[in-house]
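Shared chain: subunit A. Partners: subunit B in the first complex, subunit C in the second.
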Partner chain A sequence: MDDKIKMKVQELLQSGKIKGFLGLRERHGQVGPYLFTDGDDLEGLVVGDRFKPGDSRYPLNKQLMKITRGDPSGCYGVLVRGCDERGLKTLFGSGQIKSEQVVPVGIACPQDLADACECLKPYPDERVAGEAAEPRSFATVAKVEAMELDERFRLWLAEFSKCIKCYGCRNICPMCYCSECTLENKDFGDIGSLPAENPVFHLTRAIHMAGRCIDCGLCNEVCPADIPLRTLYKKIADIVEEEFHCRPGYGSPETPPGLNIRGEELKH
Partner chain B sequence: MEYRTVLTTCTYCGCGCGLYLEVMDGRLVGTIPCKTNPVNEGKLCVKGWNVHEFVQSPKRLTRPLLRKNRELTPVSWDEALDFTAARLREIKEAHGSDSIAFLASAKVTNEENYLIQKFARAAVGTNNVDHCARL
Partner chain C sequence: MQYPPNLRVVRVMCSGMVSPDLILRVLSKGADGVLVVGCHLGECHYLEGNLMAAKRVAMLKKLLAFSGIDPGRLRVDWLSSAEAPTFVRVATEFIEEIRALGPSPLRVKA
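Now for the complex of A and B:
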């Protein structure tokens, strides 16, 4: 898988089509995001499957937003899995990244990762490496939904009570880009104090992810308290689909997310 | 435009979480927790997440300050050290070694922490050594 990607990136860099390729590199024994600008660095390029598939994924689109803003006329390649492609489509649609500045280089995820992610589309439309795995439905959501309402509520309150308010779920999220975050608005919550207001802090974030969350699972992985945030946001995405007939990132790249949420129109 | 990620260790506490600093045209623009680091496995606390901010903060102290006529005034290192040494000696002579305490820091190296406890015990003669986490 790595070799096919390296060849593709080498070709893109040599042709001058891209100024750099944002991918992952293993250096000093660790894997992290890296902007390859010179074919000689490509030796260390990896796709983020270190000890097990997808264990060293990063929110590359978040870094890409900074890079394309820092160089508004440059075109960059970026490593994408299915979820990253969904992210790109949504970010193009909301004007956060210009599609003409990006050349995605796609990889499909192996079946065990698709299973662990409960991924509806574990591959990007266009891919350079990997075989498309079978999609999986949201078993974790179904499990919670099988519980009684008050039992469910108790479960979430107990989960949220573990929060150390690190803001990691927001910071890592490739779809969180607002310049003013509601979670830091003092009219809304007590920002400098612990514990996080339960469940206001978490439900605020959950509601703000409606129409944005592309189900990459990075928030769940970053949470030091192991709160199953992804399950919550999967449910939010289900509700958005039921109500608005769209799921962020699953449409064609040309169509914006299709959501144009204005408070007054949301009368249900 | 130049964009780099630099692998480093969080300086806030003794855990030593691994993180990448994002550097754009020579300025720090973000922190990314390192997922493969066995210490933090891709997680950080709220302080670690904001490491990139304090490095370039205009509020950061860059010179020694001495309170003169109630005002914190920038002075040279020599003046600051001479003043501190003279006052520590006066206090020790007037009230004894145990009237002085030393607070070590998670933000400095192991060797620097060793030096401060050595200074406390050997030079000043007190076991009053504590840690910044209990300040």
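Now for the complex of A and C:
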């Protein structure tokens, strides 16, 4: 997998099509984001499969947003899995990154990763390496839905009560790009005090991910309290699909959800 | 004509201003239910404010249900300023619905 990517990146860099490739580099046993600018220096380039597939991913699109803003005429390559590609499409659609500034270099995820992620599309449209795995449905969401209301409430409250309000879930999220965050607005919640205002702290973040969350699962991975945040945001994406007939990142990038509300039949 | 005394009216310019954040905040602060009232669909002074409100409430109801809060604690209705008796009826009805649901789990959780 790494070699195919390296060859592709080398070709892109040497042809001058991209100024740099934003990917992952392993150094001293650590995997982190890195902007490769020299085709001869791709030593250390990895795709984030350290001990097992996808165990060292990173919100590269979040860095890409900064890089392309800082250099509005430059074109950059970026490593994308299925989720990252969904993120790119959504960021293009909401005007956060210009599509002409990006050359995605896609990899498909193996089946065990797709299973663990319950991923609806574990591969990007265009891929340089990897075989497309089978999509999986949201079993974790179905499990919650099989419960009675009071059981659900107890479950989520028990989970949310572990939150230490580190904001890690928001900070890692490649789709969180607002300059001012509601979770730090004193009109909406108490700042700097613990416990978090549960469940509302988390429901607020969940509703804000409507039309944004592309189900990468990084929030869930980063959470020091191991709260199953991804399940909550998977549900929000389901709700968006029911209400707006589209799921962020799966359709064409030109129509971000939430804009086509006039002239629609409304049920409530 | 009187609406129930346990209803606290918060006036806004348009139902489109009522963000889900506000509704959640109100629930968090101990309200047992939230009634969002906007102008009739198709009659929004700002064209699509009430359409936004309708979508937001619909989404939030589903999120509340998923997290174990009865979606009946949130209701949206469309009324014009000339319909005071209807407002009183809707408000009274809503209070009865909430009474049947009992106190909000957000209030009694501790």
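Convention: the second predicted complex is superposed on the first by the 252 of 268 C-alpha atoms of A that agree within 3 Å, B and C clash if a C-alpha of one lies under 4 Å from a C-alpha of the other, contacts with A are read in each partner's own complex, and residues count from 1 in each chain.
One rule holds for everything that comes next: contacts are C-beta pairs under 8 Å (C-beta built on N, C-alpha and C of every residue); 3 or more make two chains touch, one makes a residue touch a chain.
Treat the numbers as computed from the prediction; the structure is a model and nothing was measured.
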| item | value |
| --- | --- |
| Which of subunit B and subunit C A:Ile236 touches, first, second, both or neither | second |
| Touching partner for A:Cys83 - first (subunit B), second (subunit C), both, neither | neither |
| Which superposed partner A:Ile107 touches (first subunit B, second subunit C, both, neither) | neither |
| First (subunit B), second (subunit C), both or neither touched by A:Val47 | neither |
| Per-residue contact with subunit A, leading partner among subunit C and subunit B | C |
| Touched partner set for A:Ile97, first subunit B, second subunit C, both or neither | neither |
| Where subunit A meets both subunit C and subunit B, residue numbers | none |
| Residue numbers on subunit A that touch subunit B, as the complex places them | 20, 27-35, 50, 55-58, 63, 66-67, 70-71, 74, 164-168, 171-172, 221-224 |
| Contact set on subunit B toward subunit A in their complex | 1, 3-5, 7, 18, 20, 22, 24-25, 29-30, 32-37, 42-46, 49 |
| In the complex, subunit C residues that touch subunit A | 20-22, 24-25, 27-28, 41, 47-48, 51-52, 54-55, 57-60, 62-70, 76, 105-106, 109 |
| Subunit A residues within the subunit C interface of the complex | 141, 144-145, 147, 149-157, 182, 187-189, 197-200, 203-204, 206-207, 210, 232, 235-236, 239-240, 242-244, 258, 261-262, 264, 266-268 |
